[in-house]
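Two complexes are shown next, each including chain A; its partner changes from chain B in the first to chain C in the second.
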Partner chain A sequence: MEKDRKEGIKGMANPGRYGIERVAYWLMRITGLGLLFYFIGHIYETSNLLDGKAAWNSMLELTQTTEGHIFLTLVIGMCVFHTGNGIRLMIGQAGFGLGKPSRADYPYTPSSLNMKNKLCIYVSIGLAALAMMYGLGVMYDV
Partner chain B sequence: MTKDGALPKGFERPSRSPSQEKYEKVKSSSKTTTLRISKFNPESDSTSTFSEFKVHYQRWTTVLDAILEVKSNYDHSIGVRYSCRQATCGSCGMIINGKPRLACFTKISELDSDLVTVEPMNNFPIIRDLAVGFERLIATHKRIKPYIIRDDSEVTSETKEFLQSPEDVEKYIQFAGCIKCGLCNSACPTMATDSSFVGPQALAQAYRYVADNRDKGKDERLKIIDEPHGIWRCHFAGSCSQVCPKGVDPAMGIQLLRGYLLGYRK
Partner chain C sequence: MSNIMRESHIMKIHYLTALVAVGFVIIHIIVRVTQGFANSLEFESVIANYESIPYAIVLEAMLILISVHGFNGLRIILLELKQGSAYENAVTYGCLIAMIALIAYGSRTIIMASMGMVEA
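Right after this comes the complex of A and B.
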C-alpha cells in the first residue's frame, strides 16, 4: 500500500546539502572504494613477479605512462585523505573532541560539528592536495 | 446601535473595517512564489508528480501556511500532516528545497528562492502526498526502551524522589528535547541504503537514557544497539545534527554512546 521513499545511493551522490561533514563522508566512501580497487590491482600487479623479470618489467612500464602517473597521483591523494580523515573519525567515534552535551539554546549550533572537526577535514583535504602535487613533481621530475 | 442594527444619528459605518484595511495592505505588500507540491497516492499512482501553485507570502509566512492556503483554496486533496504549528509536535517534517525541515518552522522568506519544492521525507513510506508513515520510527524508538529502568520503584513510603544535580541533568537534557519528527532519519545517509539500521533518532534516545544517572538499564540498551545494523553503521556524517530542529545533536549522542561500548566511558 505504501511506497517506501528510499534515497538510495543518490543520497550519497549529493553531498553539498549538509555541509562539509557530509562532503567528508562522501569523500571517505569514494576514497575507501578507490583504495580497495587499488589494493586488488596491486595484488594482481605484484603477482606478475611469479612470471619472471620480463613480465614484471612490462607491468611496471604501465605506471610510466601519463595515465599511469595520473592514476598514481589519485592513489596518493586518496590514501592521504583517507588516513587523515580516518584519524579524525576514529577520535570522534570514540567520543572525543565533540564538546560536552548541554542544554540546547536557539539557534541550535550542533556541538559535534564544531570547528575542530571542520578544520581536520579541511587539513585532510589540503594534505591530500599537497601530497598529490609532490607526487606529480617526483613523477615528472619537476 | 439601535435594535434594528442601524447606527445612531451622527455615526457612519466605515466602508471597510480596520481589519479589512490591514488585510488589504498586507496583501498588497506581499511577494509571490511558486510552490511545487509532490503528489503521490500509493493506491493509484506508480510515480510521484508535482503540482505548481502561485502563492502570496509575507516575511513571516511559513511553508506550512502556504501549503494550507493551497489546500484551502486550490487543491483540497493535498495530503499533509500537521498539528501544533510551533515546532513542538514534530508532525510536519518534509523535504523543503532538498533538505528535511519542519514546514511550520521554515519561513518562505528564509529559503531565498523563487521556487519552493516540497516533497515527503526520504527513507519513510509514503501514506499520501507529503504525509509519511512513522511506524518504523516509533518501533525503533520503543526498541531501545525509552524509559528509566530500575529494579526499585521511584516512589515508596521510605524513599523520596531521585535527586539529580544540575550537572547530572546537563548530561542528557539536550537529548530529551527530541520531538520524533524523523528529520534526522530522513537526512541520514546510512538510512538511505540500509532499511534495517536503527537510525539516529533511536540511537540518540538510547544515549539520553544511558547518560541519565537514575537509569540502570545501560547494559540492556547497549546490547540492543550493539548489532550489525545498530550503532556501528553510523559513519558520523553529521547530517542528522544539521537538520534537527530542536538542537538535539544526535551525532554527538551516537559517538558518546560508542564511547561506552568501546570502554572509554563508564
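Right after this comes the complex of A and C.
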C-alpha cells in the first residue's frame, strides 16, 4: 500500500495489479475512447455520400483493404466488450451481484470483487473475440 | 454540468442512451448483414437506405444517442484525471459543444441524403 502511494497515479493505473477488475477498468476506458473516435470518423466517412458516387467509392476503398478489415475487426471487438462490460457495471450499480455485506475481517476481501463479476468480465472478453471472428468471416465472405 | 443537472441524473441518461443505442446498433448491423455486407455498401444501396424514412429515423436516433453517451463518457474520463471548478466547466462545456457539432454535422448528412440532395 505504501509502495502504491509512492508510485502515485502510475500505481493506481497499473493494469498488472489488482487483478482482472483493473484490466476491465482500463479496457472499458480504452474501448470507449476508441469507439468515440471511430464514431466521429464514421460520421465524416458517411458524409462523403453527399459528394457523389466517385467520392463514396474512393472513401470506401480505404476500408476494403487488409488494414481496413483489421481495423473494423478491432472496432467490433471494442464494441462487444464495451457493451458486455457496460451491462455488468449497470447491474452492479443497481446493487445486484455485489455479495452480502459483512463485518470487515482480515484479509479484508471485498465481497463486491467476487467470481460472478470476474466471470462477467471474462465472458465479455470471450464474446468480443467470437464477434471479431464472425466479423472477419463476414468481411472476407467466408 | 453539475450546476445544471445532478450527476446521478447524468449517469441515468448515460446508461439509458447506452441501452437504447445498443438496440439501434443491432438493427443497423442486421440491415448491413442481411443485404450482404459488400452489396449493402454500394452507393445506390446506401442512398436507398437513407431515403427510407424509418431507417433515416433510426440513423438520426443512433447519432444522437451515441453522441450523448460518447461525449459524456469522454467527460467522465477527463474529470477522473483532474478536478477543479475551471477545469470541470471547461471539460463539460467543451464536450457539450463537440457533441452538438457532431450531431449537427451528422444530421446534415442524414437530412440531405434522405431528401436526395446528393451530387450526381
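Methods note: the second predicted complex is superposed on the first by the 129 of 142 C-alpha atoms of A that agree within 3 Å, B and C clash if a C-alpha of one lies under 4 Å from a C-alpha of the other, contacts with A are read in each partner's own complex, and residues count from 1 in each chain.
The rule we apply is simple: a residue touches a chain if its C-beta (ideal position, glycine included) is under 8 Å from a C-beta of that chain, and two chains touch if they have at least 3 such contacts.
All of these numbers come straight from a predicted model, not from anything done at the bench.
Once the two complexes are overlaid on the shared chain, A:G126 sits clear of chain B and of chain C alike. Contacts of A:L36 after superposition: chain C is touched, whereas chain B is not reached. In the overlay built on the shared chain, the residue A:L49 is in contact with chain C alone; chain B does not reach it.
By the document's definition of touching, of the two partners only chain C reaches A:M139; chain B does not. Legend: residue contacts after superposition of the two complexes on their common chain; A:R17 is shown touching chain B, with no touch to chain C. Legend: residue contacts after superposition of the two complexes on their common chain; A:Y108 is shown touching chain B, with no touch to chain C. Number of chain A residues touched is higher for B, counting chain B against chain C. According to the touch criterion, the shared surface of chain A, contacted by chain B in one complex and chain C in the other, consists of residues 29, 93.
Within the complex, the chain A residues that touch chain B are 1-9, 11-12, 14, 17-19, 21-22, 24-25, 28-29, 89, 92-96, 98-106, 108-113, 117.
Of all residues in chain B, those touching chain A in their complex are 40, 42-43, 98-99, 120-127, 132-133, 170-175, 177, 187, 189, 191-193, 195, 211, 234-239, 241-249, 251-253, 255-256, 258-259, 262, 264-265. Of all residues in chain C, those touching chain A in their complex are 11, 15, 18-19, 22, 25, 33, 37-38, 41, 43, 46-47, 50, 63, 66-67, 70-71, 73-74, 77, 102, 105-106, 108-109, 112-113, 117-120.
Residues 29, 32-33, 35-36, 39-40, 43-44, 46-47, 49-53, 55-57, 60, 79, 83, 86, 90, 93, 138-139, 141 of chain A are the ones that touch chain C when the two sit in their complex.
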